[in-house]
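Sharing a structure, written as structure tokens. Questions coming.
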Amino acid sequence: MTLISLWYGQNHGLLPIAASNDASEVDGLFNFMMTIATGLFLLVEGVLVYSLIKFRRRKGDTTDGPPMEGNVPLEIFWTAIPTVIVFILSIYSFEIYNRMGGLDPMASGDSGPQMAYAHHHSQLVALDTNRQNVALGLGVSPDSQQGISPLEVKVNGIQYAWVFTYPETGIISGEIHVPINRPVALKMTGGDVIHAFWLPEFRIKQDVIPGRVTNLVFTPNKIGKYPVICAELCGAYHGGMKTQLYVESEEDYQKWVQDNTIAMNDDIDESSVAVNPVSNSDQDFLSPYANNLGVAADALEQLKSQS
Amino acid sequence: MSTTVEKIVPAISDGHKEHPQRKWQDYFGFSTDHKVIGIQYLTTAFFFYFIGGALAEVMRTELATPDPDFVQPEFYNQLLTMHGTIMLFLWIIPAGAAFANYLIPLMIGAEDMAFPRLNAVAFWMIPPGGILLLSSFFNGAPQAGWTSYPPLSLVSGKSGEEIWILSLLLLGTSSMFGAINFVTTILLMRIPDMDIHSMPLFCWSMLATSGLILLGTPVLGAALILLSFDLMAGTAFFNPAGGGDPVVYQHMFWFYSHPAVYIMILPFFGAISEILPVHARKPIFGYRAIAYSSLAISFLGLIVWAHHMFSSGTPGWLRMFFMATTMIIAVPTGIKVFSWCATLWGGKLSLNSALLFAVGFLSSFLIGGLSGVMLASVPFDIHVHDTYFIVAHFHYVLFGGSVFGLFAAVYHWFPKMTGKMVNETLGQIHFVMTFIGFNITFLPMHQLGLQGMNRRIALYDPQFQTLNIICTVGSYILALSTFPFIINIIWSLMKGKKAARNPWRALTLEWQTASPPIIENFEGEPVLWAGPYDYGIDQESIDGDESVEDMLATISAEGQ
Amino acid sequence: MQGSTVDNKSQVTIESEPEATTGHHGHPDHRMFGLYIFLVSDSMTFLGFFAALLIYRAIVPVWPPEGTPELELLIPIINTSILVASSFVMHRGQTALKKNDVKGLQVWFAITAAMGAIFLCGQGYEYFHSEFGLTTNLFASCFYVLTGFHGLHVMTGVLLILSVLWRSRQDEHYTSKSHFGVEAAEIYWHFVDVIWLVLFVLVYLIN
């Protein structure tokens, strides 16, 4: 039974491919839970089937069964084992969640309903200054490499489409293109009702809520085309609210950026021309984002001295 | 030594008293008799079950194809909203109340509930609440899901939404009035001999259920009142455009709605604890563990609500806290499942309809419980939240759990309630069709969710069609399975074999009075002569010192 | 039934133990217990509203939202004192009844009802003269829903007192021994009072 559980736990084939390291880690967690669940399933169902056959009342036997009312050691055993199991699962899950950036203070705090409110009362709520609690969701992974800045994409969910804006390049698109192996930081909001941004192949999901900014960060490690699915009932055509995430090689990504920037070049001033990040020094590259990333000026100085 | 089928011995030497029988008209009017009210609740609940089921069949027919070609997507959303709302608030919760109403006074030796008129009022709020809800179809039913999250619920199907709110306020109040009765009756009206650790486990579970109803439902009421103000009066409690916060609604809603799912399962946990010992001829294994675990589930159930919001506007620390509490609640639930299995083990199982459904309950609830523990894990839940994995999970615990338990209870107590026996063959056919249909419908949904199919959609990615067709076929089998049940009930009511006072030779007090019970329940105060699960007691005496004669003499001496 | 090998004579009868007393035993009165449970539930509704108010207060950047006029405290403080005092007044009524003084009950209860009515008038005055409406902003909405919901409870309490007064006109309806209605009305009134104190702090004072 243990062997079957172990085998099935690893080979159930129920999940789509994992397109990021985080996704693989979530899969590891799921496989572990599947192994335990399969084992318990076989045990209990086995007991039930066995009982139905072996302990069937013989015809004509109207006597009672044995007066077993309990067995303290056994009960302690089957209280302790589940307790240990859920304890392990909690720790394991906590670890994975942390590694995914779920406890990043930048992303995991709640600043409350802000944006719509700010508009409403023309009171500038400077999101930057309130660095501690900028938004909700998954943030930067604690063991992500320093110095690689995430590609920031602003996401707006409306009935029934996703609109992506790239601050780096000024592109606005209905599809999201990202280069492989670079963290992507989504800053998301809802435009009308609550939607949810779900990337099944990355195992991540976050509600987008009007009046708030929520976050997702992921690092794709496989080139491909992945569905982006709305995962919160948002109206009649909730089922049709889908788009695609394209994970591309660096060259293909740059080509896409060029193609789309040219398309938008007419009325855009030079500050939003696509900058090839590779050519910049760390400090130059980071300076426009220093505020958002919470990188203080002197930290930038340190980087400069290091590079 | 054997316990033979007893002969009915006239208890009073001056002959058997004649007792007035209920007329069928009594069941259609305002009766304060808890037994009538219980049957009224049960039949009303089944009425709404068939309606909710019909809605589901339309949904499943639509889902056989990826395109929305059977119904319009907007109408589909109305169907799913009404299906969920009806099944939860007009089927399962009232069905739990049905058995609670019928059984509690009988099980504790009381003549009726503590507040019979309040009890009747509680029932009579259900039909208007249900009809009001159904009436929303005329001008567009609500279409924001049974969870009704704003802002969507403020901008779509508004007239239906307001009707939905009013209907729920009515049904919630009904539930609370019932719970006041259950708690008072269980705590204060047991016969003196029955201390709290001699009371049947069904009563323990109803105590736990009532606690949740009383503490949770009012908060839903508050949430619905605020939502109603937003919808009708232009306030912005949950509307971001006016400075409000939709996540506050979610917290208030789920503060009730998570305990609600325990409200929906605990009564049937209690029923299973009653049914298994009787048909396995063995005491319940671990009485105190099961009793206390019900209370533990009740208490823990109040501090897990945000596990429905793991991908919502919740900060990371909050998600971790609720993950921990949700994981813990697996422990008392597991204790029950293992105890029930141990009750069966080594027993002498009569494979009648009641027991089959009880075992079906165990096997299905297990799956739902296992998927539930997985869902407690935040990283995993983030992937499957709002997908068909969730749909699979809750149907396994609600249908596989509550409904199978419900059918087990119906078959088990039908003789007591009606004085007739059911047809066992039809019952077994009903079980087999239900079990097969149920699993074919809902098992593939786990995979659908994991693979990427979100929920509450009429149009889906064609890659999922094969599995969806399987689910639809399963749902048609489920639909057909209702026929042997309905035929059985009607036929048995009209022509069923007359039931003895105690056809299952059970030990709890409801079986010590007539079938159906006399209007006052018992003639005089009943005597508690055995614990509720003292099966095998005659075997005990073989090894023990006292002979059965002596034991009986002791008991009768106590009773004088 | 168990032990059937034993002959019938020593079989324990399982039902109809001859009663020592004739007929059914008297029904003890559980209504107070039921009332307490109901009040626990009712307070949960208020708790839901209070929780919402507190969450808004914690997460909305500016609270009360800009432009909210400061709440005038004079009338509410007077109202609070009236309500608290009325609880003591009402208690005198029950004390009187326990000495079988129905007249005393009626006098004190009538005064209590009057004080309740004054409270409601005070609230009405406040509503009429306030500078914000139900939909002005989030705080205003909370204010009206909370005080309004509580006001409904006060109204219910006044009606309960009036119905007690009405019934007391019948001789021997309330005696020093049997006066559930009186006790129930009083417990309910105290409940309304306590809720008001919490509400007053949360809505008027800490903002």
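In this document, chain identifiers A, B and C correspond to the written order of the chains, with residue numbering beginning at 1 in each.
By definition in this document, a residue touches a chain if its C-beta (ideal position, glycine included) is under 8 Å from a C-beta of that chain, and two chains touch if they have at least 3 such contacts.
Because the structure is predicted, anything quoted here is derived from the model rather than measured.
J.: If I average the CA coordinates per chain, which chain comes out farthest from chain B?
T.: A
J.: Per the definition at the top, count C-beta pairs in contact and tell me whether A-B or B-C has more.
T.: Pair with more contacting C-beta pairs, A-B versus B-C: A-B.
J.: Quick check: how many Å separate the C-alpha centres of chain A and chain C?
T.: Distance between chain centres, rounded to whole Å: 48 Å.
J.: What's the distance between the Cα centroids of chain A and chain B, rounded to whole Å?
T.: 35
J.: So what's the Cα centroid distance for chain B and chain C, whole Å?
T.: Whole-Å distance between the two chain centres: 32.
J.: Can you list the chain A residues in contact with two or more other chains?
T.: Within chain A, the residues that touch at least two other chains are 110, 112-113, 117, 121.
J.: Indicate the residues of chain B shared as contacts by at least two other chains.
T.: 1-4, 242-245, 505, 537-538, in rising order.
J.: Send over the residues of chain C in touch with two or more other chains.
T.: 59-60, 65
J.: Please output the residues of chain B touching chain C within their complex, sorted ascending.
T.: 1-4, 6, 9, 11-12, 111, 114-115, 118, 176, 179-181, 183-184, 187-189, 214-219, 221-223, 225-226, 229, 233-237, 242-245, 248, 251-252, 255, 502, 505, 512-513, 520, 522-527, 529-530, 537-538, 548-549, 551-553, 555-556, 559
J.: What part of chain C is in contact with chain B in the complex they form?
T.: Its residues touching chain B are 1-6, 8, 10-19, 24-25, 28, 30-31, 33-34, 37-38, 40-42, 44-49, 51-52, 55-56, 59-60, 65, 134-135, 137-138, 141-142, 145, 149.
J.: Please name which positions on chain A make contact with chain B in the complex.
T.: 14-16, 25-26, 29-30, 33-34, 37, 40-41, 44-45, 47-48, 51-52, 55-58, 61-71, 74-75, 78-79, 82-83, 86-87, 89-90, 92-94, 96-97, 100, 102-104, 107-110, 112-113, 116-117, 120-121, 133, 136, 192-194, 196, 198, 200, 203-207, 209-212, 214, 227, 229-240, 242
J.: Can you tell me which positions in chain B touch chain A when the two form their complex?
T.: Residues of chain B touching chain A: 1-5, 68, 72-74, 76-77, 143-145, 149, 151-152, 155-156, 240-247, 280-289, 311-317, 319-320, 323-324, 327-328, 330-331, 334-335, 337-339, 341-342, 344-351, 359, 362-363, 366-367, 370-371, 373-374, 376-380, 382-383, 385-387, 446-447, 450-452, 454-461, 505, 533-540.
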